[in-house]
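Here subunit A shows up in two complexes: once beside subunit B, once beside subunit C.
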Partner chain A sequence: MNTESMHQQERTELKELIYQLADDDFILAYRGSEWLGLAPHIEEDVAFSSINQDMMGHASMYYHLLEDLGEGDADRIAHLRKPEEFRNAILLEMVNGRGTYLDKPDYDWAFAVVRNYFYAIHKQVRLESLRVSSYEPLANAAKKIMMEQYYHLMHWEIWFKQLVTSTDDARQRMLIAVDKVWKEFGGVLTLGPSYGEFVKAGLIEDEPLLKKRWLNRIEKVFKETGIELAGEPAIESGNGRKGEHTPDLAEALATLSEVYATNPASGW
Partner chain B sequence: MQAGLSFEQLTNDEKHQHFMDRINRGEKIEADDWMPDDYRTSLIRLISMHGISEIMGALPEKEWVPKAPSLHRKLAIMAKVQDEMGHGQLLLRVAEDLMAPLGKTREDIMQDLFSGRLKFHNVFHMEAPTWGDAGMIAWLVDGAAIISQSMMLDSSYGPYARALKRICAEEVFHAQHGESIILALAEGTPEQRALLQDSLNRWWKSLIMFFGPKSAKETGNSNADKNIMYKIRTKTNEDLRQEFFTKYIPRIWALGLTIPDETIHFDEETRMWVYEDVDWKEFKQIVSGNGPRSQDRLDLRRRSYDSNGWVRDALAAQKAI
Partner chain C sequence: MVTQPMNLKDKVLLALKEVKDPEMDSVSILDLGMIEDIEESEGSVLIKALPTFVGCPALPIIERDIKRAASAVEGVKNVVVKFVYKPAWTTDRITDEGKKRLKEFGIAPPPADHVMGEPWSIDCPYCGSAYVTMENIFGPTACRSILYCKSCKNPFEAMKPVADMN
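Moving on, here comes the complex of A and B:
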């Protein structure tokens, strides 16, 4: 499928899906970039910032797809939309911990590992489906992203398994983080109100199918590490795919657009 | 070396002579080779200070990473700061090898940083309040770093010379990234140009200080002279500062910016730049942890070290299994 042969309705659905993909990566990469200089050791600082940089690159690829679909300048899309126009899952916008990245950060590494690991598994599942998307530019982007995603997934898997099978203290902290992430992960797994249309247009596979794949993989890891599965992941704080968000997103957007917003028309 | 005697049987003076002969022949010293104690301590001081400066140097730029004003700039500054961290890691590895015979580890480096015994570059104690500073740091601070590090590419200590080779190659990209930010601002609105001039005014004195005092007279410190004797470095602080001026002053002027030093000019007779020297007592104050942002940035490091203590314990326990 290409943009010329697409009906207006299909175009709208396609853009809706790409906004989800772009905003998920964009906001989590932003949260990751706040960790810079604060990771548990210098080697991890290097690796984590490389992952965030990749992820920001993925967001940029998606924003450029939207630019090609007539949504306007990619920088403007990334920096100037209102919070309610963002389609990322709420879990991914949540702050890293107490404090800000500049002022007394008290960040939670367990939360960082669990959030990134669970998201990386989902991203992998989602990309495997997008690889055969009916919209070719999206399929091509997915193939490119998968090459890097493989290493991200491996990275977080090592951290997850190491920390969850180490000291009692570490395991306790990790289990608390698993609980916290579980309460919101339904918001990552959902494709939002239009998912039926995405599937009809062949853009991505069915939501329950993708969810099942993610759960299967999680179950395997949980079994290996002796963690009990607590039913289906929930959507406690709202559905970001519908534009529902927390103040954490508004605060993040104000920071990441602070310079750009002073003069969007100017070159930077 | 005398025939029939193994190296271990030589007196310390003979070993020292043998070592100096190697250096003077241009041979590279490796981590496991015999070396005089003061050569080792000079290297540890220099390389751990360089390594920790790269790591602390990520902090002022970190302030601008989330705020970079376009997707392209966000990606570029993320890559740049990641490189700096990578340099820090590479250099600390080199320092760790040198410290191993003294029974010291990375942990000692971090504790020395927190206690103020291990110093880091003056520039990273300063404030970076605008996006113009993100450009200025990458352009002129990294530009200054390239000049001072390039001189050590042929350092007598092999592992340091090899690490610098990679570091300098990446620093060239950083300076280009900085120059690109600077050019965009210089060609932008009057507000953007003002941002740039303001930033240059703020950084000029720190850039002069970056290369260190002209001689031991100013701060009573003679590390530079010893490092030259051991061929760890080849030029004096003033040589490097002059090189920096020659390379960058014309570029700064070409952008229409004003250097905040009315006296600065090139003296055709001495073939040297004449400039207003800085107060080296202030420099000493800054690198001793009394710069405007010294304690805030150290506090960020300490705080992350403390809140991640449980992760270190968990990894250590894993290793023990």
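Moving on, here comes the complex of A and C:
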């Protein structure tokens, strides 16, 4: 499928899907960047910021696909939309913990590890499906992103498995984080109200199938590390795919777009 | 000996040899395998380049430098640089000359024909020893890892292998 042969309706669905993919990477990369200088050790600071830089690159690649689809300048798409126009899952916009990176940050490393690890598995499942997407530019982007994502998944898997099988304190904190992430992860797994149209257009595989693949991988890790599976992940705080968000997103967007919004032409 | 006069495309290619990666300034972007294609028609040049890592902040600088170098070639009227993702850049695109230059820069070149998921062997770029440890898969730039040589006791960097995963 190419942009010329696409019907108006298909084009709308395609853009909807790309917004979800872009905004997920974008906001999680931003939350990750707030950890800079605060990670548990210097090597992790290097690794985590490198991962965030990659992920911001992935978001930018998707925003450029949207630019090619007539959505306007990629930087504007990233910086000047209102919170309700964002399609990211709520879990990914949630703050890292108490405080801010400027004022008494009391961030939760267990939450960072669990959120990023579960997301990396999810992203892997998505990309494996997207690489055969009917929209070729999206398939090409997915193939490219997979090469980098490989290292991210490996990184978070090591952290997750080591902490969850470490001291009682570490395990306890990790289990609390797993509970917290589980309450919202349904919001990451959903493709939103139009998912049936995505599937019909051959853009991506069926939502329940992708969800099952994610669950299978999680189940295997849980079994290996002795964690009990608490049913299906929920969507407690709302569905970001419908534009429902928490004040955490508005606050994050205000901060990250501050320079751009002051003067879009400025170099920084 | 009669030499064929160079056509414009060849001249542009030659000019691109001088464009270096700003973060590894002894390695040309040609030797990194970043140039996929050059199209030329009546002085209009379209250069298709492959990004190494998607989020690499050096890309806009490289784009500017490509444009500058190609525009300086006599006979070139305008230059468009386009980053494309097909084929995807892999570390196998780095030439032998590129690997040699990386090593001179203190960066161990990536292994050839790497299969993602399999271990790879890295030799110290300073003393050639294989007795090295991986300190951090992630390094100061998206494309590099940090290692330590147990033989000559030098920390060094290595280019992270990137291969097609299909």
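One rule holds for everything that comes next: the second predicted complex is superposed on the first by the 264 of 268 C-alpha atoms of A that agree within 3 Å, B and C clash if a C-alpha of one lies under 4 Å from a C-alpha of the other, contacts with A are read in each partner's own complex, and residues count from 1 in each chain.
Convention: a contact is a pair of C-beta atoms (placed from the backbone, for glycine too) under 8 Å apart; a residue touches a chain by one contact, two chains touch by 3 or more.
Small disclaimer: the values here were computed from a predicted structure and weren't measured.
Shared-chain residue A:K82: touches no atom of subunit B or subunit C.
Of the two partner chains placed around the shared chain by superposition, subunit B is the only one that A:D106 touches, whereas subunit C remains out of contact.
Touch criterion not met for A:K223: it reaches neither subunit B nor subunit C. Of the two partner chains placed around the shared chain by superposition, subunit B is the only one that A:S166 touches, whereas subunit C remains out of contact.
Here subunit B and subunit C are compared by how many residues of subunit A each touches, and B touches more.
By the document's definition of touching, of the two partners only subunit B reaches A:Y30; subunit C does not.
Touch criterion met: A:Q53 reaches subunit B and subunit C at once.
When the shared chain is aligned, subunit B and subunit C each come close enough to touch A:E43. After overlaying the two complexes on the shared chain, residue contacts for A:Y63 are found with subunit B alone; subunit C is out of touch.
Applying the stated contact rule after C-alpha superposition, one finds that A:E258 touches subunit B and leaves subunit C untouched. In the superposition on chain A, the residues of subunit A contacted by subunit B and by subunit C overlap at 43, 46, 50, 53, 56-57, 60. Listing the residues of subunit C that touch subunit A in their complex gives 53-57, 85-86, 88-90, 116-117, 135-142, 146, 160, 162-166.
Across the interface of their complex, subunit C is touched by residues 43, 46-47, 50-51, 53-58, 60-61, 131, 137, 140-141, 143-148, 150-151, 154-155 of subunit A. Across the complex, subunit A meets subunit B through its residues 30, 33-34, 36-43, 45-46, 49-50, 52-53, 56-57, 59-60, 63, 74-75, 78-79, 101-102, 104-107, 109, 162-163, 165-167, 169-170, 173, 255-256, 258-260, 262-263, 266-268. Residues 55, 58-59, 62-63, 65-75, 78-79, 81-82, 85-86, 88-89, 92, 131, 181, 184-185, 187-189, 191-192, 300-301, 303-304, 307-308, 310-315, 317-318 of subunit B are the ones that touch subunit A when the two sit in their complex.
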